[in-house]
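In the two complexes below, chain A is the common chain; its partner is chain B in one and chain C in the other.
Showing the complex of A and B:
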């Protein structure tokens, strides 16, 4: 590996450490409330990263609750059979396999139809759980093994590890190997295909990876309390949350969903303070509207724009200084 | 199970189909013209239901009048939403348009939850029409009213699109906005108008909802999801297709929830499996033109 490659690797690792540090600090401080908040943020961020990976190929999903729920159910049902490590891996592979199937049948759908199909899919999966009580416990739900012996700080450390893993996956798809192809598919699939981009394969690949990462978020969530009911993991909330998080933080970035998850949680707490437990999701709607109209690049995109502008104004002075010395 | 029971289920499903068709016709008119997929259409219906319910419960206003008032109010709200918000999003890419109307839907839904709580209510109004006896089957008067008004709304959408000057402009503007602009059509105005008409239809449909369904904030989401299923079945922008789609969806849903044990909980899901299957076989809907994706 050459020096530039090393530099990039070091920068990346530094970035992951910076993302993980606040979560680890909260876990070590063992502040009960903050630990719960941090766990919620980390789970939302993983789910949002999953949604964003798919959205980079122009596929707007309103059905990620399906993969979120399947991850929870998969890990819960397979862990007693295969043990925790293999059980989780098998659960995620299941999500990936289902995502490949869904990706293959929705491949030709235009944008609106794609979104409706994903929404229908998530509703259908919920129905599937309800009508197969022998396999999945039906509406009464199931009791998966609790993560990390039920100790919230340890759970947080584990989920932070999962978040870093999801961020690394997201970065792979923002790297030079995939990034141009993904955005080309989003902007003009015909041109992409004509330029030799394997459109079908990449769209399905994005779907499989997105499904698995969403499943990871669901598996983490299901392991928190050792109790999962379909009305909890398959609600529209989990379909909509990743959109709000990603749009707030910034689409097409890895940092965006993490920043967005923190910011949305803050807004949520403020809203809960004013309107109580029901209806606080009004902030999701407000955030999506305001950011799509006023700041489509999200918080991270906006900050990057500011930085770029500052650099552009500083550069002439820097050059002059170098000349003078 | 007797033939009368089957007949009863089929006829009640068909009255529901008229309501679905009314909601879907308004939506497909707007989508067909502006190409904006208005997820908030369902919330417009929900607001219409609350308005009709509120007018009746508070001031004893007849639901007939309530329906008309809801139509006017939601038409005005649509104009406001279009000017303040959608006109700006129209210039952004499709990805963002989808996200923007989703945001609007979530916003309106939760405002309703905050104002009126998520609890379901029933409008205690005397039936608008006498019950209809068809052989062994009795159709409640409110279902008759829903079927009639729903069909009228549906026909009105069809008439506006095919037989008025505005309809011609709408079809022209949706086929080729640039060419329409050169031909002297105020495309922005036409888009706004289609939005207002769709919104007014949603308001009246809301009045129908108050007659036969629970009035609650989540009713709009339930209906708009079905409306999307219907317009996907019928083909985007295809108003007659929406009627067929509504009938298919309502029948499947009604029969499953009546004759399958515990079917009430999954009539919905079955309808969606159906939709998914249709979309797989014909990506542009059962009655839609085949367009390259």
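Showing the complex of A and C:
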């Protein structure tokens, strides 16, 4: 590996350590409430990373609850058969396989039609669970093996590991091999095809990877309490959450979904504290809308814009300094 | 027979035959002009050859092999690249990133232009300044056109279709793009230029094809074709003279 590649690798590893550090610190402090908050944030962040990977190809999904739930159900039902490691892998592969099949049909649809297709898919998966009680437990739910012996701090450490893995996957798709091609597909699929890009194949790849990462989030979630009913995982909340988190934090980045997950949870807690009851959800929704209007690039995009502007104002001084010397 | 051959191709939109049973050849190693009045089917022709709109009938041969009905990216792999008249490139990508896409995905063992090794080299070859990570959102129209040519060249084509690459450019920019097209041709690429401006065609091409209402109207040397009474009538209507 050359020096530049080495530098990038060190930077990336540093980034992952920085992302994981606060979660690990909370786990080590064993603060019961903060551990639960951190677990919630990490699961949301993994799901949001999954959603963002797909959105880079221009596909807006409103059905990621389907993969979230399938990951949870798949890993839970396959672990007793295959053991924990293979059970999880098989659960995630199931998500990937379903995404490939679904993608082969729906990714030929344009924009809004694709979004509607994903939404209906997530609804039909929920119905599928309800009508197959012998296979999936139906409405009574299932009892997945509990993660990390049911110790929340240990669960948090494990899920933080999953978050770092999801971040690494996200970074692969922000590298030179995929990022420009994905953005070209999103912006102008004809131009991408005219550049030799196998458009449909890359879209299906993004969908499969996105489905598997969403399944990872679901598998983590299902393993928290040892009990999952369809209403826990196949709800609109998990369909909308990754979109809200990513837009709040910043699309097309790895940091954005993580920051967005923290910000959304913070917002939720603040709203709950000051408004209370159910009313907090209205305030919380309104604040999200304000953010989307005021900061369309998200928190990370906004911060980058500030940095770029600062650099731009610094540059004339630099030029002056060079002239003076 | 190499180069590009179109045999009896038809593209219909509902009842309208945008390309109507066209047969023509673009010989290897030439710069050929494709001209015709607005709505004559020039853009549809490019979309048909590049695979974006497959023909309902007929055959398209590239270097002797049929490419009819292949996906656009496969046609690129076979050695045919095109530019878009109004290139919509992702604003957030840099010049180098756009060029890097075909460099990576357009599998080809054909050589890049002489002295060109990287996306940045190719950008400079086409008269762009890639330094400083310029994003496409900041480019002028003439630079976007150059970027389109660079992107198409990065496909390492045998045959290059330029869809009005010089439309709306200043005189100076036009001269530079003409010089660039000559250089691309000299490096061994067969070029089809879709153009409106007769002066450009007369200076650049030895062979011209005229389409009118989706049909082949005339073919031959530009000087002869441009003085053809049928061509004049198609452009100006009956009774006018140039």
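By definition in this document, the second predicted complex is superposed on the first by the 298 of 325 C-alpha atoms of A that agree within 3 Å, B and C clash if a C-alpha of one lies under 4 Å from a C-alpha of the other, contacts with A are read in each partner's own complex, and residues count from 1 in each chain.
Criterion: a residue touches a chain if its C-beta (ideal position, glycine included) is under 8 Å from a C-beta of that chain, and two chains touch if they have at least 3 such contacts.
Here the structure is a predicted model, which means the values were calculated and not measured.
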* Asked: Counting only touches as set out at the top, which of chain B and chain C does A:132 meet: first, second, both, neither?
  -> neither
* Where does A:58 make contact in the superposed view: on chain B (first), on chain C (second), on both, or on neither? -> first
* Between chain B (first) and chain C (second), which, if any, makes contact with A:7: first, second, both or neither? -> neither
* So, does A:176 touch the first partner chain B, the second partner chain C, both, or neither? -> second
* So, does A:240 touch the first partner chain B, the second partner chain C, both, or neither? -> first
* So which one touches more of the residues on chain A, chain B or chain C? -> B
* Does the superposition put A:196 against chain B (first), chain C (second), both, or neither? -> second
* Should A:186 be classified as contacting the first partner (chain B), the second (chain C), both, or neither? -> both
* Taking the contacts chain A makes with chain B in one complex and with chain C in the other, which residues are shared? -> 186
* What part of chain A is in contact with chain C in the complex they form? -> 176-177, 179-181, 183-184, 186-188, 190-199, 252
* **Complex contact set, residues of chain B against chain A** => 31, 37, 85, 88-89, 92, 94-96, 98-100, 102-111, 113-114, 117-118, 221, 225, 228-229, 232, 236, 262, 265-266, 268-270, 272-273, 275-276, 279-280, 283-284, 291, 293
* Asked: Tell me, which parts of chain C touch chain A in their complex?
  -> 50-52, 71-73, 76-77, 81-82, 84, 87-93, 97-98, 100-102, 104-107, 151-152, 154-155
* Using the touch rule from the top, collect the residues of chain A that touch chain B in their complex. => 55, 58, 60, 62, 105-106, 108-113, 115-117, 119-121, 123-124, 126-128, 130-131, 139, 186, 189, 236, 240, 243-244, 247, 275, 278-282, 284-289, 292-293, 296
